[in-house]
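The letters A, B, C and D name the chains in turn, as written, and every chain counts its residues from 1.
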């Protein structure tokens, strides 16, 4: 199935690149999207079954693939609007679409990969695809950010490859010759913890580039800043999720060994440092997209903390990843609209959005509530679970620091968004309200609605999937 | 029988201003007006027409009425020996104090209603001093409550048993404090001298600069009533419960007479405080009342 | 024999530390490709056509020929001959690389393991560290690319050391990824060269807070 | 049946966005009436029969249906908040009329949507017992009030105050959450209020209570957690200020009272702690209030004072329970809880009146107002009513609750130990001072705003607001007088709530006997006033009445508006007594030597809240500055970024090798 899907991606991607008229592009994109949805549904129906030797439809993969399927629709739609609004050349457009298709495909490949090598190569493939997209605007900043993103991602992934090799050293001693995740996890208990520990640190450092976590967090922030808004949405959601997936897979291996408490402490350090750095940087923030990029980093820090806390924290981590994806995607799509109003991403050049685009302002308010994890947003539920498990583990100090940082972040984000909504300064007064497509805003409402819905009363299949994904850790 | 106390208090209220002015006149070597002169004044005022400032509103007119009514109703709470006041219940002195409070509130805003700078000064001082003096009254009542295990005016005074020296001290200090509270409440010496004629330093008198006619009459009557109010309370301190009724009536009249004379004497021989010193002086009263409280604790032997 | 090749490999790392001409770097990359072929060939337990072809492509064709040639074209296109003067004098670099080699050696000894080719392991650690060190000290992006490739060579050695082979298809995917990665990076080097006239890292520090 | 209607109403709330701007308020009011009717019915039922109302909502929350539970405490608060929110909603229609053209559809819709949901979330706060659900609705309440506060977003300060409000509410929320989680983690009982009782039985109550107290105390506005009130209240539209001061801060009290129902140990310590905090809040609240020049800010400080009085009642009650002096307990709790109702009435009345003043004069600055009693007589008299009530003067409701507390205090004096005696004495002194200061303050406010001569053109041109805005004030006014004159009924109602804390409720029945005597006394007072007034009227008809200028001691040339006493000068002699906590900044340009003919100058004073400045502003500013300085990691240099990874790995290896982690 996956092979068929990947083939479809290659074919549609190629076709989109070759046939540049509107109807054909639309047709192939839709074809791909339908195929992708079919894959997700198929995967859900064949939960925990192997596919094409190197893939398994495991619960976490299905959840993330579900998120991806949903966000691809939104992203293609918003990309379409974005490209039309910026009247790009046909060549650039087709290039953009093709890259987006390939990116989605490699993301799905990574989500379902059961073999560490496959996982690695798909993740590396995402880097290459996303480079095209980040560079889309072809400005100096875009060039810089792309270079940094690709280069540091490559270095990070090289480190991650070393980590995978270390795992393979450890596993070969246990007689596991293939690098299939399921078999490694099954035999991990007896493995040499030294190698496992080395592998964990290296993979954490390596995949952090993808996940936007400390220590290689910086490039994600830069990439967000310059990428077109729909791509920022994609980077900070599905692409970050793939980084999380990499770390999570490693963590699953570590979790079987005695090194688990150690790994938890490492994750906790990483989480707290990520949150601290993002909070500290947020205090000086001047640029909307950077602000949300740092906010993503903060959320990834929360996810790391949740993982490290264990227990109900595992559940919290995955729930948080999913809900954060919806919140950030909605937010970045909205930032695209904001940009079309002000032609700038700078906070100080914005203001009075409430009058200029009231519906968008409503989205901003909702996203503000979601992103800062104020109830009733679902993100609060996951953060709450995280704190519960932190307290249960008697990590009081960490919990207090985290709460403090979250409060600061709430303050900064609140301040900046309120500036956007209500500030009336010179230059702002002359701006005219912009007529925007309501359907565009509606899609953001749907995403935000999902956050509230999944936070308050998640459907049973969803909770089952998350429980299934964390089952391996119990 | 309960009305007797009220009637007596009313009678003495009518006479007290006259007695005070006679005492002051004698002390300064003047012949002085007759004892009923203040009453004649009031009667004349009540018959006279009024002049209202065009700045004022209905507040200015209703203020003195409420002020007067509050004092009359407060008088209903004052017990008479073994007889309760016309109105009496647990913690009635709280009602008593707050009733006086509403009267003051209305007087202050009616003074402010004129939009006069001078009356503003008086009103503001009145508000400050009555705020400061309030704790004195409450601590005193609290000490009595502690001492007697009761909490209405009637029970407080009836159940004081003079059985130790400390009790006498409590009584003496209590009387002193009530006297001083009366002076502050009526804006008399040493807080304020009603004889001065510099608006900048006056308190009560400057508040009523614009009042005339009926209203002024009520205010003058109220002054006497307020003296009677505290005179009555002081009398209750002294009443031996076991005395027969006629003796008590005589005693009551004597005490009120003495109270008026004492006020007259005080006003004759004391200079008024520097205006800025007044708050401190009132605070001293608070600390005296604290001493009363400590005595009460000592008497109830809770220190052991 | 393999041991000799590894010594040569480590020597090539040392040589990197004090040379300043970009051409030399490329030469060394080429040489490392050949050395890796030798090491991998000697490492093979039995010669299998498919696997042999794969190693041949990976080491000689890609690492030894295509990539250096590609980089050379980049170098020519962007007129890039000598390294800009680095903050770190070359003797520091020599010391650092030597230290990396020594560290790798010690680690290899310490991690003494039956399934592990400790010599390969120590050389690979040295290469990875040198690669990253290279990126950190030099301020030119083409050199960064070279550092990255050295690091990748180290990873390749490590995969040999592990002995636990990936399936061929996965290996190919990994190889393809790295190759395309270098191409993409190269394209961007070109763009940067066009846009900024020089490929100095300082040009690429606009995005910050 | 009622339950289903309740839920249908919830579902309909979003329709407010699809209404026209003019009909939103009516639609919102309709929904709120429905909600209030249903919940009010439940509450009255609970209060009358003394039962506990339990139902499951059909809404699922994390797989299980939400359970609502109304006991007498919830019922009391539900009734209080229903009343204030309804009056607020009525008032809002008139108050927001001038904004209809200014604000767009979404802003208006958002406002009314938030208003309805504020109501809903507050109802749910009172009804939910599950910990997580409670936390969610608790914070929803804050978020919606935040959205309501920032309605007048044209002003920079409004938005700033709004963010400040949200932030402080969030901090409070964090404390409450921490409290719940700690209790849950340490006992493993259910994550709910009932789970707390398990914790309190097994552990020391005080530390956990402290967490809850801080959390709820921030909402309630106890000093030193009061700093949001003086900012948020002036910023909010007046109906929201009224609601906020009337009921939102009471939710903090509800939280504290709710937690207290589960605590049976350490009560003395908790009681004394609450008492001390409350006396300080009461005193400082009113002391700060006197020196304010902004009408609504002043009222906000008075809310702090009144929260202090409520706290005094609760503290006294707790000491009573701990020391086993039932009379103290009963009267203390009854006074405190009744004051919740009372304060919600007169404070909303005062805020609505202040709002009317603001609406007609466009200023809240005391020194620009004056003489409004002639322009807006109804508003003026209703404000006076509220002022008298808030000063605790008979025959109005404020007196009743203060009277209960006082009589508790004096009864407590008789039966308690030395230590308690001193505490009670201190409280009594505090309470009398609060009362006196309140009179001082409200004589000032009333006379400066409504009496004398207008001090600016805008107050000269003011005119009375229309009936829709008077009606809610009259409703509140009726209740104020009703409670003042016929307290027995209300004290009995409060008695049902007190039963949760003190089982022996006979004392409250006893106290009703002298409550009725208070009624008599008040009636006598009112009767006397009426008689005198009629005598006076008759006299006035007979005599000659003249009108003229105010007596200016012989000088009549002064401009009456300038010659008046000002708010600043009224507070001046008081201010001199309290320098350490009230710092008044004076801003003026001093006279230069070469200035022979001085130019016109301005003089400005600004009061500084020393607690806010020293406890919060300074340290927070320091931390923020320090953090801003630390923001140097995003250098833009690629090599640094790689270094981070390298250093991180090195550090981790090092820490691991040396077994630090």
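By definition in this document, a residue touches a chain if its C-beta (ideal position, glycine included) is under 8 Å from a C-beta of that chain, and two chains touch if they have at least 3 such contacts.
Owing to the predicted nature of the structure, the values given are computational and were not obtained by experimental measurement.
Shared contact partners of subunit B and subunit D, listed by label: none present.
For the pairs C-D and A-D, the larger set of C-beta contacts lies at A-D. With every chain reduced to the mean of its CA atoms, the largest distance from subunit B is reached by C.
Mean C-alpha position of subunit C lies 69 Å from that of subunit D. Between the CA-based centres of subunit A and subunit D the separation comes to 43 Å, rounded to the whole angstrom. Taking each chain's centre as the average of its CA atoms, subunit B and subunit C sit 101 Å apart. Centre-to-centre, using mean CA coordinates, subunit A is 78 Å away from subunit B. Within subunit D, residues 631, 634, 638, 642 each touch two or more of the remaining chains. Residue positions 147-148, 151, 155, 281, 284 of subunit A each touch two or more of the other chains.
Here the chains touching each other pair up as A-C, A-D, B-D, C-D.
Touching subunit C in their complex are the following residues of subunit D: 631, 634-639, 642-643, 646.
Of all residues in subunit A, those touching subunit C in their complex are 54, 115, 117-118, 120-121, 124-125, 127-128, 131, 135, 140-141, 143-148, 150-151, 154-155, 158, 161-162, 165, 168-169, 171-173, 177-179, 194, 222, 225-226, 281, 284-286, 290. Subunit C contributes residues 132, 135-136, 139, 144, 201, 204-209 to its touches with subunit D in the complex.
Remark: subunit D residues 59-63, 104-107, 110, 132, 135-140, 142-143, 147, 150, 153-154, 156, 159, 162-163, 166-167, 170-171, 174, 177-178, 181-182, 184-185, 624, 627-628, 630-631, 633-634, 638, 641-642, 644-645, 647-649, 652-653, 656, 661 touch subunit A in the complex. Contacts from subunit B toward subunit D in the complex involve residues 46-59, 61-62, 65-66, 68-70, 72-73, 76, 87-92, 94-95, 97-99, 101-102, 104-105, 108-109, 112-121, 123-125, 127-128, 130-132, 134-135, 137-139, 141-142, 145-146, 149-151, 199, 209-210, 213-215, 218, 279, 286, 293, 297, 302-303.
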